[in-house]
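Every chain is named by a letter (A, B and C) in the order it is written, and numbering of its residues begins at 1.
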Amino acid sequence: MEIFLQTLTNGIMASFILILVAMGLCLVYGILDIVNFAHGEFYMLGGFGAWWFLESHPILKSMPAIERYIVAIVLTMIIVAGIGIIVEKFIFRRLRENHAAVMIASLGVMSVLQSCALVSFGSVDKNITSPFKGRIELGPISFSEERLLAIICCIVFMILLYLLIDRTKIGKAMKAVSQDPEAALVQGINTGRIFSLAMGIGVALAAAAGALIGPIFYVNPYMGAEPIMKAFAAVILGGLGSLPGAIIGGFLIGMVETFVTTYVGAHFAMSLVFLIMICVLIAKPTGIFGHVE
Amino acid sequence: MTNSFLQLSGVTKIFGGITAVNHLDINLPEGMIMGLIGPNGAGKTTVFNLISGVYKVSEGSILFNNQDITHMKPDVIAGKGLVRTFQANVLFREFTVMENILMGCHLQTTTGMFMDLFDFKAVRRSREKIRGIAQDTLEFIGLTNLDDEFAKNLAHGHQRILGIGVALAAKPKLLMLDEPVSGMNDEEKTEMMKLIQKIRGKGITVLLVEHDMRVVMGICDRITVINFGTKIAEGTPDEVQNNEKVIEAYLGADK
Amino acid sequence: MWNKVSIKKIIVAIAALMGTLLPFFIEDQYILHILISILIWSIMALGIRIVLISGHLNVAQASFMGMGAYASGVLATKLGWSFWFCLPAAGLVAAFLALIVGLPTLRIKGAYFVIITIGLAEVCRNIWMMWDSLFGGPQGLLGIPTPNPIKLGGLEIMFSSKMDFFYLALILFLLTVFVMYRFEKSRAGLILKSIRQSDLLAECLGVKIMKYKLTAFALGAFFAGLGGSFWAHYFTYCSPWDFTLHTSFTMLIYVMVGGMGSILGPIVGCALMMTLDEFLRPFKEFVPFIFGTILILVLLFFSGGFVSIPERLRKVLRRAA
């Protein structure tokens, strides 16, 4: 029973982190019509960004621990968003008409980013000390404060994203572009700026996930490989292009993966995730919330 | 109704909660040019997609040449002699005009995929036959001098004509044209009307979706009018023009 | 008389002749090894390309190579089959698995297919690692025999020297090129290219889309299987680390850099990039970065790949004149 509750808690955290990554992926696909295979590398860059600001070059040494942590994450998100925007503007946008070329290019970007990290930081796992050192005990379950923080941050980002898309003018513009970029252009919407914004936010979410996970586990240049697979599974399960779908898909995949890892094994977990993904693609390719025809 | 070449009975299509086509009945005799008209969004292209097998029918049946094609896939339906064109300029844009027409001739090939790998006499004969059909089709539509041009480089009007040529190369018994004159000037439209009549002259039945009333009234023998997916009128051009429901539908909707 | 086709045929004939005589002039065994690798990887690259022209991106080609390699290795070590039966069996196994995977997946949209091939690559790797009784686990399948000696017109070929392997690789390579060339020149080639441009139109013209896509996919996998079988008996072992997503992605880079527009493209891509890889050996960690950058540059600025450069130069010179 204890194991079950502990796994449940771990699963919730894993799910929220996955939801952040999945939402970013979904945003980029929905608005830019791009399947970005390099998305996991932005997650990885997020982790390294946090490590760099907190451990390697403690520029913010003078600030108290908690503020330093938050600033590090925000700075990382901004920098990674910048990298994402550059990649989108100078690579993906130029290849827009050719879907296959965009996908191949994103695989190239994935390779370049990963090897940059490898060469710059080495392949050894790096640790980040979190300012939140406490543990919380709730009956039989115990988890670290950092995990709680991660969950809270994820929820905050989800709410912010929802508010942005549903309640602001820019959000409406983004929705218009996601439905029909040419029509949006005719309506006077600066589609280029919307593309940059969507890409920036999408990779920033992934970076945030990486930065939050860093102190909990570790960072290394290969850490983006698994999350991107799980994010794809989540987004496909929920319906490519649907943000609520990404959330539900992320939750389901996160839970399944955590439970299977704990009770059976990590290899089985990933294979099962793939199997689920393949089955969904065969049975109902549009996912739970996807659009038909 | 037994001599009905194309027969739709109670055909219905529901998308999510929206009924795009509502219990539609159409009877098209062989050799006729029938127009399918209606305000924007009335469901005309959806009807084409249903007949050609691109969309699945929610209810009802479609009979072509006395065969039930309701649940058949698009490639099988094309094989039965029912070919359609598209509202947008759907072509093989990176192919030349000749290559596009050659693709249209696909159904006329007599050798299978494996045989085609080798230079057997049967393969060569099939290729000769296809070349002949392609040349004839190009002449018929008047694009012979453009056969080397890439489809994407053609003027809009020529692209529309090419689309019809590609469909004709498939030797259809029934040709469905989706807005053949869209984006054309008056001169091109008149040429297209002549072409469609030439097509009927070859014994091909034509079902035509079009917005341009001059074209519709000018060449159609009968017209079916639909609005919100439902048939509201049917008859000769004169009958339809003076039908109250039709006038109301067009005045009430955006044109 | 000297039209383009004749010149092309002469060049191909000369290249084939040179290729056949090559081992007699090259004594460095390492260079022979590189040439063998280029030949085999070209087979893989051609397999990726034939599916790419129909619009589908297969990022699991190395996995099909691995399926062939493991099938061949298992048949040889556990059932004692002769290599000469293992080789075609490996091709057929890979093709069969391609049909099984392709049947439900080739009908869905491009991006999903790519994701599925990624999933396939991972599942394969997991199976090879976990099922150690059959596949040898993380250490791989060891002790695969070299090809059984055969008699060819008086000569007995023992496969004890690289030269013998070179000729076997050359034969497999030429076979692949021949079949791919005929396939593309036939109606099937035109149809595959049409499917990429508009599968809707093709289908409404009576084309059985799945038939052609599956055939291309299975064909690419068949030759990947043959190449894998060669690989297994050349190195005498198979390891799951040789057939990863990274391997497949590298093959894809070679295809795109060489140019997917013609049969020559993937071959040129392999030759160029694999030679470059050799020169970059002292800088191994930078290779993914360099190759990834080259890929992106090619996609942005040389969309036909290296093979298209002569044509582009000609156009530029014509304009300048």
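Annotations for the structure displayed:
In the analysis below, contacts are C-beta pairs under 8 Å (C-beta built on N, C-alpha and C of every residue); 3 or more make two chains touch, one makes a residue touch a chain.
This is a predicted model, so every value here is computed, not measured.
Nearest to the overall CA centre, using the mean of each chain's CA atoms, is chain C. Greatest centre-to-centre distance from subunit A is found for B, with centres as Cα means. Subunit A and subunit C have Cα centroids lying 34 Å from one another. Separation between the centroids of subunit A and subunit B, computed from CA atoms only, is 46 Å. The centroid of the Cα atoms in subunit B and the matching centroid in subunit C are 42 Å apart. Within the complex, the subunit C residues that touch subunit B are 179, 182-183, 186-188, 190-191, 193-194, 197-198, 200-209, 211-212, 215.
For subunit B in complex with subunit C, the residues that touch the partner chain are 52, 54, 73-75, 78-79, 83-84, 86, 90-95, 99, 102-104, 106-107, 109, 113, 116-118, 166-167, 170.
Per the touch definition, subunit C reaches subunit A in the complex via residues 52, 55, 57, 59, 104-105, 108-112, 114-116, 118-119, 122-123, 126, 129-130, 249, 252-253, 256, 285-289, 291-293, 295-296, 299-300, 303.
Only residues 35, 37, 91, 94-95, 99-101, 103-105, 107-112, 114-116, 118-119, 229, 232, 236, 240, 267, 270-271, 274-275, 277-278, 281-282, 285 of subunit A touch subunit C when the two sit together in their complex.
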